[in-house]
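Chain naming follows the written order as A, B and C, and within any one chain the residues start at number 1.
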Amino acid sequence: MNNEITTAELIAGTVKKRRAREKRLKLYGIAAVVAGVILVVILMASIVSLGYKAFWQSFIALDINFDPEVIAPGGIRDPDTLRQADYGLLVKRALKELFPDIRNRRQKRALYRLVSVGAPDVLRKMVMKDPDLIGTVKTVWLPAHSDVDMFMKGYINPDEPESQRRLKDFQLAWIQRLIHENRLEKRFNSLFFLSGDSREPELAGILGALMGSIYTIIITLLLSFPLAVAAAIYLEEFAPKKNFWVDLIEVNINNLAAIPSIVFGLLGLAVFLGFFGLPRSTPLVGGLVLALRTMPIIIIASRSALKAVPPWIRQAALGIGASKMQMITDHVLPLALPGMLTGTIIGLAQALGETAPLLMIGMVAFVVDIPKSFLDPATVLPVQIYLWADSAERGFVEKSAAAIIVLLLFMLIMNALAIVLRKRFERRW
Amino acid sequence: MQTSTLILLLAALSFFAYYLGVAKAKAVSSGHVRNLHSLPRYYGYYTALWCILPALLLLVVWLIFDDTLISQLVIASLPPEIQQLPEEQLGLFMNQIRNLVYNEAFSSSDDPVARAAAEHYRFLKHLSQRCLFVIALACAIAGLSWARHHISPKLRARNRVEKLLEFFLIASSTIAILTTIGIVLSVLFEALRFFKLVPVTEFLFGLHWSPQMAIRPDQVGSSGAFGFIPLLTGTLLIAAIAMIVAAPIGLLAAIYLSEFASRKIRTVAKPMLEVLAGIPTVVYGFFAALVVAPFLRELGAAIGVPISSESALGAGLVMGIMIIPFVSSLSDDVINAVPQSLRDGSYGLGATQAETITQIIIPAALPGIVGGLLLAISRAIGETMIVVMAAGLTANLTLNPLQSVTTITAQIVGLLVGDQEFDSPKTLAAFALGLVLFLITLALNVLALHIVRKYREQYE
Amino acid sequence: MQNIMKAENFPTKPASPGVQIKERRAADTTKIFEKEASRHTVGDFTVPDPRLTTRHVNVFYGDKQAIFDVNLDIAKTEVIALIGPSGCGKSTYLRCLNRMNDTIEICRVEGEIKLDEVDIYHDDIDPVVLRARVGMVFQKPNPFPKSIFDNVAYGPRIHGLTSSKSELEEIVEKALKRAGLWNEVKDRLDQPGTGLSGGQQQRLCIARAIAVNPEVLLMDEPCSALDPIATATIEQLIDELSRRYSIVIVTHSMQQAARVSHRTAYFHLGKLIEVGKTSQIFTNPRHPLTEDYITGRFG
């Protein structure tokens, strides 16, 4: 009896130390979780802070005289004439009118550079849409040059020595005057959402890349979902257990899910482009490659969805005389479908963010036009982000971060959809 | 565009075929559906499948071969002096013709021979499409009427449809194998061509990597240009930095979340970490190149240590961040797979939570954790965008994390993006790197998956 | 609220006409004796010189109450069996005695549980120390995936009970001997404990528990996963151990309770219905519910 009391006392003596050790481990754990959360926050914050300004852009208001002599000499207003007219001249005239005292040729060129090279295009579109503008004078907000935009957003510091700045003192003076006259301000950047890529940061938009992503993902979905579900059904419902081939397929699927995605790009390059001769840089090939990449993920998710359907459902269906295929299509599949869809959406969200394999099959081309079919050269959002982030110009970096925000929003929506789907149809047997 | 019209037409036809099949089945059932072997809809499926499948098969085969065939015909019609050109130049000429045919606006060729050939090409293409249209539709209608003709109450329509469906299921499941074979063949084939130019030993043990120099003909395969060792060390260095960041944070986070955290904290913190897993790698690349690298460079400047703006440290740190959720969710899974009874046993003896974790749970979960870490390493080695954007392209043989190194994946991208020549050692080298990358990750994955599987079986 | 309703109603729900009658009867008697049972357990729940005393113990899982006002004493050297139909709360009650319920987040314990006159739920009491004094053996043998030696040495090691290796070896040997396992495993102490047969594993777990030298041993259906021969060995072991320890054993099998225990407590729907000498409970139950249970009307 004596012995027992000492045991308890012995333990009581060391317990404090042991509890301290426990607390320490717990603290390390908390620190790790907090570190993870802080990293998420830093990542998000730095991207948002780099990118949010791209949703607004500097515009300059110019009093454009839609001179009939320039646009439609001789009064001919057929579309070809209107399209080919020199709208740049209208912009230059309007600028000269604002700053009549500039004579120096170098300064004049600098003056014209306040406005984006895309400005004439804006005027062209206005006139093509409404030819009655010809002959009128109208104040038009035209996109400013990226340098001006960067200054307006505070990325160019006027206190730096002039030689290190992209904008010289006299240009800053003009900008100040324009601001003072309410002719230069930041407005919502609709160009960013409505145009394709461009060599000029102020004209570059994500629509081209977005459409490319959508076309690519459609191909991916159409190919990977049915095939992956079919494969999952075979493996779960039909395949003999402990069979060499089935084991091989299983090992393959698991391995493919963990193989670097760039290897799939090499496959696409050698097989789809090289062997089958499919057109480079197209959403069709991109979709094919991503479908192969995504399939293992969907197969794995679909199999666990099928596994979650209790066996008594199958026995019940077979018991009333359904064929095996009827049991699957009528009973098992409807119950497993929400799980499969959840897995598919998550897989597609992953495919939407995939970059490396698409670089391999030439989806890095500089594409200005917005793709209109699965066979048009295109790029995708993540690749566009990569291209812009790689560019030396400050204006593109901002666009890149903004494109990331758009991409993350899309992924957020898809993941939210998956979560809703899972919550809505979750079943516990 | 004609192809999509054709597909739509075939789809519509097979829809129609379904109803014809159902109607025929009802007609031959002499009034009672139970006289039929299968339900009427199975006769509908039967007819529809007979209608669309042969036609689709024809379409696919046609589309695969028509371009090659037309090219052959066009080449045959070219003047003999062009036909006798070496294969590569002939290929270029055919590309020119294809450009003329498909992108009129962009091609500037005024060569009358090419223009004539392009005209011929276009004509043949047109003809082929017309023929395809007619033959595919004929095929569909023939299939439809054949199937309809054969419908009788004794026809085991359901069994046939199900047999086909089962065949489709089996075929789908083999795609995984086909993909692997495709990967192996495509990298192996090109890599072997590369090894004809550069000896394997040169590639595997060379200490210098500078593919640019090999463009000069006198340097092809000359010593040092394609040595793979600096890439391997660069890759391993960055992966090691990533694991140093990710393994402890991921593991401790998993331990905390599965053992200590209350349910409330778990439901908040777990999705937060999973957010990191869902972020595309290009975003991490952006973060590494434009946030972390400049920060490190300035930090280095402030404390007087030169840090390259493409340092292995920057890329490795960000890659580590990317892998944290991967490690934590895999570890979480294996820790949760440790049966509760072991925890109970330990607590029942008076162990603290820390003792239970370090002496019971971690040892029990160790194989699973090791497997998970191996998968994470495989992921770090194969990660591309972060290193493409934040690591260098010059191959330094160094283990200094503050210097710029390059990796296998970054080189593959560097070699293949932009360059269009298909047979230069540069492009082929990318496939050789791809082969090595595939083999390394394959080995890691198979080992890791094997360990994890054995571990799971132990507790199932 | 709904949860409680469901839980209360579920057992009385008729499954088939045959069962209905018995269940109805059980339900009726429950109602009749409900008040009484909550206030007075039939039989004397006190013992002279108790090791453990429990008074007015209530246990809740979230909103759901699992144990209703249980009063019971446990003597210093005895085997007391807790019996009752599944879901009656006997395991929950057992897990209160060494605060194993602490590990379940939503579980809340009310009332007073004293070990040697000290409230074990008092803030000053560390469950770590408590559990070293009140050991536990679980339903399924759960040896750690370590060697046989390390399994038994685990408790002494974490509690720092020994200062030398030889001392530790001595403790391990003594525990294995007491658990009646020594002769079977003395040549393979370094082999994994998971490689033993089910009955040996359970005895290993018992050895593991007594290596810490506890005062009370809690056993939660220790034989339910074992074959009859292994069960017999364990029962014999329990009988031997009862000379040193207080043993509280939860069991599904009434025969086992009759074989190994000195006293028996019958639980029903979270209430302690009747407690008394095992011979009395099985031969002359005083409460109709107890009688129904031991005569096999339900269970």
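Just so it is clear, a contact is a pair of C-beta atoms (placed from the backbone, for glycine too) under 8 Å apart; a residue touches a chain by one contact, two chains touch by 3 or more.
These numbers come from a predicted model, not from an experiment.
A.B. asks: Which chain's mean C-alpha position is nearest the mean C-alpha position of the whole protein set?
C.D. replies: B
A.B. asks: Given the contact rule stated at the top, which pair of chains has the most C-beta pairs in contact?
C.D. replies: Max contact pairs: A-B.
A.B. asks: Farthest chain from chain C, going by mean C-alpha coordinates, please.
C.D. replies: Computed centres place A farthest from chain C.
A.B. asks: Quick one: chain B and chain C, Cα centre-to-centre, how many Å?
C.D. replies: A distance of 56 Å separates the two centres.
A.B. asks: Between chain A and chain C, tell me the centre distance in angstrom, where each centre is the average of that chain's C-alpha atoms.
C.D. replies: Here the centre of chain C sits 60 Å away from the centre of chain A.
A.B. asks: Report the inter-centroid distance (CA atoms only) between chain A and chain B in whole Å.
C.D. replies: 19
A.B. asks: Among all residues of chain A, which ones touch two or more of the remaining chains?
C.D. replies: Residues 11, 18-19.
A.B. asks: Could you tell me which residues belong to chain C and also touch two or more other chains?
C.D. replies: If we look for residues of chain C contacting two or more partner chains, we find 128-129, 132, 158-159, 212.
A.B. asks: Name the residues of chain B that each touch 2 or more other chains.
C.D. replies: Residue numbers touching two or more other chains: 350, 352, 355.
A.B. asks: Going by the contact rule at the top, pick out the chain A residues touching chain C in the complex.
C.D. replies: These residues of chain A touch chain C: 3-4, 7-8, 10-12, 14-15, 18-19.
A.B. asks: Give every residue of chain C touching chain A within the complex, in rising order.
C.D. replies: 126, 128-129, 132-133, 158-161, 212-213, 215
A.B. asks: Okay, in this complex, where on chain A does chain B touch?
C.D. replies: 11, 18-19, 21-22, 24-26, 28-33, 35-37, 39-40, 43, 46-47, 50, 226-228, 230-231, 233-235, 238-239, 248-249, 251-256, 258-264, 266-267, 269-271, 274, 276-277, 292, 295-296, 299, 323-325, 349-350, 352-356, 359-360, 364, 373, 382-383, 385-386, 389-390, 397, 400-401, 404, 407-408, 411, 415
A.B. asks: Which chain B residues qualify as touching chain A in the complex?
C.D. replies: 1, 64, 67-68, 158, 162, 165-166, 168-177, 179-180, 182-183, 185-187, 189-190, 248-253, 255-257, 259-261, 269, 272-273, 275-276, 278-287, 289-291, 321, 324-325, 328, 350, 352-355, 357-358, 375, 378-379, 381-385, 388-389, 409, 412-413, 416-418, 422, 430-431, 434, 437-438, 441-442, 445-446, 448-449
A.B. asks: Spell out the residues on chain B that touch chain C in their complex, using ranges where they run on.
C.D. replies: 262-263, 339, 341-352, 355, 359-360, 363-364
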